[in-house]
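Below are two complexes that have chain A in common, paired first with chain B and then with chain C.
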Partner chain A sequence: MDEFTYILKRILQMIPVLLIVTLAIFFGMRMIPGDPALLLVGNRASDETIAAMRAKLGLDQPLITQYLLFLRSCLTFDFGNSLTLKAPVTELFRQKAVVTVSLTLMTILFAVLISVPLGYYAGLHHDQPAGAVINSISLVFVSVPEFLIGLLLLLVFALKLHWFPVGDWGHTLPEHIRSLILPSLTGALMTSSLVMRNISDNVVKVLSYDYVDFARSKGLSEKRIRNSYILRNVMIPAVTLLAMRMTYMLAGSIVIESVFALPGIGQMMLNAILSRDYSLVQATVYLFAIIVLVMNLLTDISYSLLDPRVKLK
Partner chain B sequence: MKKKVLSLFLAASMTAALLSGCGSSGSGSAASTAAPAAETEAAAAGTESAEAASTEAPAADAAAGGTVVIDRTLDSEILDPVMTANNCDIWVLNMMVEGLVTSSDDGQEIIPAVADKWDVSDDNLTYTFHIRDGIKFSDGNPVTAEDCVYSVQRAKDAEGPWLGMLDMVDTIEDGGDGTVVIKLKEASPSFLSALAMFDCGILEKSYCEEVGDDGLAEKPIGTGPFMLQEWTKGDRMVFVKNPYYWEEGKPLVDEVDFDVVTDDNTAIMQLESGQVDAVSAVPYARLAELEAADGITVTKFDSTDVRFILINCQGQYTSDKKVRQALALATDKAAINTAVFAGEAQLAETFLAPAIPYSYQDLPASTVDTDKAKELLADAGYPNGFSITVQVGSGDTAVLQIATLLQQQWAAIGVTLDIQQIDLATARQNWKDGNYDVFISNMTSDMTDISELAGLVTIADQAHCWRTYWNDEDQQKAEALTAAGNAEMDETKRADDYKQMQEIMADAVPLIPLCYVPFTFAASDKLSGYSQTPLGIYNFKNMSKAE
Partner chain C sequence: MKNMKKLSPAFWAAAAVLSVVLLMALFPGLFTRYDPIEQDILSLLKPPSADHIFGTDNLGRDVASRVIYSARLDLAIGFLAMLIPAVTGTLVGLLSGYYGGRVDAVIMRILDIFTAFPTMVLVIGIVAILGSGVKNLFIAIWLVGWREYARLVRSDVLVEKNNEYVAAARSLGYSDLRIMLRHILPNVISPVIVYAVSDIMMCMLMGASLSFLGLGVPTPTPEWGAIISDGKNYMMTAWWIITFPGIMLALTGISISIVGNELSKRLSRRH
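What follows is the complex of A and B.
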């Protein structure tokens, strides 16, 4: 019951946050110079044509009216048509979000698969060469830029070996999944380096705690000690880190999407901002704010599951 | 407790679903020849590797047919012919929509399209266009005079970027017997060229009224060789053959796909791997390497694309003609061509590219002369130079490179150029408002006539002389010459008007022309028959793909 009230409370708390987000994005977009009408009709249009276009787009109305219209669309989730692309914003968002969300989830999956075993192993063997090697390699991947790793992976696994397409999103589900492997791996290398170091450091720390010694002295099996005593304690900060990286990636990794020619949110957002497509930018930011808030809530809930001492109140 | 732990990884389990998918597809991809068989239809879109494409070839029609996939860096946005000024839109519009007349591949002539012939009255005021017998829209409906009148009238009236291009037109009427009669207010040498522009494309009236402006922006229906079948914004456009196209046997291929690949390196790798058939707008620095590659042909199409530096003629220092001349004398165009365009461009003395009729290419070649430039600056009262700013759209590497070179070149005469990198939309807004010193820009022509660009840069009312706010005696002379040329029916006299206008511009320097850059197109050797007109328009109706 406590949990239920907690979650409800958290959901209610989202409302003021979202309101601030709408204010920031609406007025932020309008404060930067650049006129969508001018960008739409092009440089050679006369001032009258630009004014006519502004009227057509509804940009001649008072700002407060425009803001209230935006708020209404936030409640109904009907954001109308994009100023520049003329297509329904919700549909555009859905198309691109599928790509970005799948990319993020697969990246996180790869990151977990790489970082948990390696980080754990490196922590247990921190005073041996194996641990040092793993830690050094992780440093390399933190420092090499993503686009370089991406291009190298493309060069080897797509162009030379033909295992994967050279970028592209494909048209069927198996194609989509195949297209996502290299970009996810690219994103995962950086993330898992961070997480790996975090896990490995924490393993070293936990190993020195009394409760581990105590568990050993009780005669518990090494496997039990590892799973129930070490790993679980190590996972809490790792989950926090992964959740942060996930939110970051959801905003659209423009570098990875660009190198792998994936039609995700990042590229669409960049173009929308450059062309001052107010409706598209506002709706995308708003919808992503919701996704991020939900992700944060899920992360907090996961703490209480990982650690019985954390209560949801 | 276990249950809880499981549910904790809720998000992770979603990815697990993806993982099981990867497993199976991973093994499938190893045997890449087996995979496409199950999805012949989808494979036509060209995402499969080169070998895969050839295995499915026998199923397709013999010589003709096939799907051609072309990469480009930007997607189209608005396909309503009268509402777009964006090259990505314009260049594909002519695949779907044709005008009564159109421009030839070399951009020098007006040739028949929806109208197969036309008569001109002796006073050059009445044009009668005969609609081609049996011509149909891509949805199978016949083209009527009503459709043509509607489309041209719409182009004339639309409050879009092209308002004013058809100002010479008085009335557009159905002349009966499948003719369209257009009467002009005054004789105009550029009328046919204006009518050949994409904004005058013939659209189906009933369809336009049914779908409205936004619907048209998503999918126009015309008489062009192709029709838009599918469009995922920001990702991919699929054009298929128009079965009703009036030219027997054309187009040759069944489908042309435009894929958006923003990263040049990735696009080139896709071409090298055979995943795509062509890449449009290849960076100049990569041309030499691609020319040397096996199985790839690089084409440099003549274009009307000119790169230039606009100078604010109302600026604190640059309002003085001597200052502008000094900047021009200090500009080393050849160095810019080598460094920025890998030497692939042609140096420019006039802002009108050779592919534009009446471009005057016999202006004396400019030379770098810092001594004379310093003298001019001293005469103007700035013996120690001054400091000006150029705003560069962030991410626009070519413009940034030009700005950096100019910074060095102009430093030689004491002019300090500050480079500000800001968001492109802001930079453009500042330029439009006349809130700049110099601005590096480019321009392509949209018609097979000089009048559009000549008007933009010399006629104050049109765009404040392309926002140079040039406004002095020279400008008035140039404007008068352009106006005379735009109305002159005699070709020799017309050429002379424009020649004098270009000479005045070379002397008054409201802008410094840098170079003309070609349109680049890298394609697999299997492709042939493609072209891009100097206006940038893709002509793919004669394109074929060998197996």
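What follows is the complex of A and C.
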């Protein structure tokens, strides 16, 4: 019951945060220099055309009316049509989200496959060369920007070896998956470096605890100690970190999508910013904010589910 | 200083790399005789040779001199973009943790709102509002970067302020400001320093990434991310344009991380 009250409280707390988020987005967008109507009809348009376009965009209304209209669309998730892409914003977001969400899930999958065994191994062998090597590799991938790793993978595996398509999302599921492998790997290398280090540090820490010594003195096999004592304690912070990275990836895949020319949300937002597509940028940033808030809540809940010592309050 | 000999070879290598990059930033003219912006239409996309050791780009500019002149801006972005948020975030965290109550509640709510936007989206959004350029890049990272420092310091101050030395300082009648800055701050600063070093690296990468997206440093200003962004269209034919700035960016980032790691080991051993 306590959990239920906590979750309800957290959801209620989101309301004022989201309200201020809408204010920040709305007035932030209005501060961008340049008239979006002028941008759409072109510099040489007549005054009447510009005025008509302003009216069509609702820019001739008082600011407060414009804000209330924006607020209404935030509540109903109906953001109207994009100015540049001429399609409903919500529908566009849904279409592009398929790419970005798949990219994120595949990145996390790769990251788990890389980081869990290597991090665990590095932790158990932290005083041996193998552990040091794994730790050094993770340091490298944290310190190199994703676009550089992405370009390198693109150059070698797509342009030179032709194993993967270049900038082609494809039409069928196998094609989609194929086009996502290199971008996911790019994201996974950085994420798994962070997770790997986290796991390895925690293994070292847990190994020093008394209950591990106690388990050994009870005569439990080394395998049993590793699986039921160490692994479980180490996985809790790792899962939290992975969840945080997932939130980051969902919203921060702009760079990777740009390197690999993937038609995801990040690309759409970048183009929307460059072409001053107000409605599209506003809606995208707002939806991002909701995703982040919900993901943060889910992260906290999963943390308490995994670790019985953590109580939600 | 007596611990000098315990420093790892990796640390010395990193320090050497950073010294060279720093020298490039301070005296780029010592390393190259070419102008980083001057175009030479007679030598477009030339591979590395004795004349142009890193080759030339699509406008005939000497890649080596562009890479060298970039060091100043990239280091400046890393360092300056870290500095302001580190100071403001630390002060905010001090105030929030020390006073608690309403001050804390207000600051935490502001933090919540900033946290609702993903970092990259927030930075790109701010750059979109202000327009691209070096100055606006700084402003965007400043507005975003303080969050981690505030959170880090606040949680430590919450623990630290219950210590006896704080009560003692209070009973001596010291002002809150003096207790915060002279008594509590020195005890919570170590994790801030460790984070700040890795933050230099992260800010540098953020600046390079924004330039790569075309939202950061304007052309033709030499900056590693911007050079890579320009060169990526010639990746297949002129590998040298993106390779050398890429190596510099990677080496500098890795070196800062190694120095930060060493620092964090040292500071945690002392506690």
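Convention: the second predicted complex is superposed on the first by the 302 of 313 C-alpha atoms of A that agree within 3 Å, B and C clash if a C-alpha of one lies under 4 Å from a C-alpha of the other, contacts with A are read in each partner's own complex, and residues count from 1 in each chain.
As a working rule, contacts are C-beta pairs under 8 Å (C-beta built on N, C-alpha and C of every residue); 3 or more make two chains touch, one makes a residue touch a chain.
Just so you know, these numbers come straight off a predicted model, no measurement behind them.
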Item checked: Room on chain A for both chain B and chain C (clash or fit) -> clash
Margin query: Quick check on the superposed pair: does A:Leu71 touch chain B, chain C, both, or neither? Answer first, second, both or neither.
Written below: neither
Notebook entry, point to check: A:Ile20 contacts which: chain B (first), chain C (second), both, neither?
Noted result: second
Notebook entry, point to check: Looking at the overlay, what does A:Pro145 touch: chain B (first), chain C (second), both, or neither?
Noted result: second
Margin query: Contacts for A:Leu155 in the overlay, against chain B (first) and chain C (second): which applies, first, second, both or neither?
Written below: both
Check: Which partner does A:Leu207 contact after superposing on A: first (chain B), second (chain C), both, neither?
Finding: neither
Next item on the list: With the two complexes superposed on chain A, say which partner A:Val292 touches: chain B (first), chain C (second), both, or neither.
Entry: second
Notebook entry, point to check: Counting only touches as set out at the top, which of chain B and chain C does A:Val281 meet: first, second, both, neither?
Noted result: second
Note to self: Just to be sure I read the superposition right, which of the two partners does A:Ser258 touch: chain B = first, chain C = second, or both, or neither?
What the structure shows: both
Check: Looking at the overlay, what does A:Met31 touch: chain B (first), chain C (second), both, or neither?
Finding: second
Check: After superposition on chain A, which segment of chain C among 75-83, 129-137 or 255-263 overlaps with chain B?
Finding: 129-137
Check: Residues on chain A in contact with chain B in one complex and with chain C in the other?
Finding: 32-33, 147, 151, 154-155, 159, 258, 274
Next item on the list: Would you mind writing out the residues of chain C in touch with chain A in their complex?
Entry: 10, 109, 112-113, 115-121, 124-126, 128-129, 131, 201, 205, 208-209, 212-215, 225, 228, 232, 235-236, 239, 242, 246, 249-250, 253-254, 256-258, 261
Next item on the list: Would you mind writing out the residues of chain A in touch with chain C in their complex?
Entry: 13, 16-18, 20-21, 24, 28-29, 31-33, 136, 139-140, 142-148, 151-152, 154-155, 159, 247-248, 250-252, 254-255, 258, 269-270, 273-274, 281, 285, 288-289, 292-293, 296
Check: Mind pulling up the chain A residues that touch chain B in the complex?
Finding: 32-35, 38-46, 48-49, 52-53, 56, 81, 84-87, 92, 95-96, 102, 105-106, 108-109, 112, 147, 151, 154-155, 158-159, 162-175, 177-178, 180-181, 246, 258-261, 263, 267-268, 271, 274-276, 295, 298, 301-302, 305-306
Item checked: Touching residues on chain B, where the partner in the complex is chain A -> 4-5, 7-12, 14-16, 18-19, 21-22, 24-26, 28-30, 32, 35, 39, 42, 45, 47, 49, 77-78, 83-86, 159-161, 163-164, 214, 217-218, 232-236, 259-263, 265-267, 269-270, 272-273, 275, 423-426, 428-430, 432, 456, 462-463, 466-467
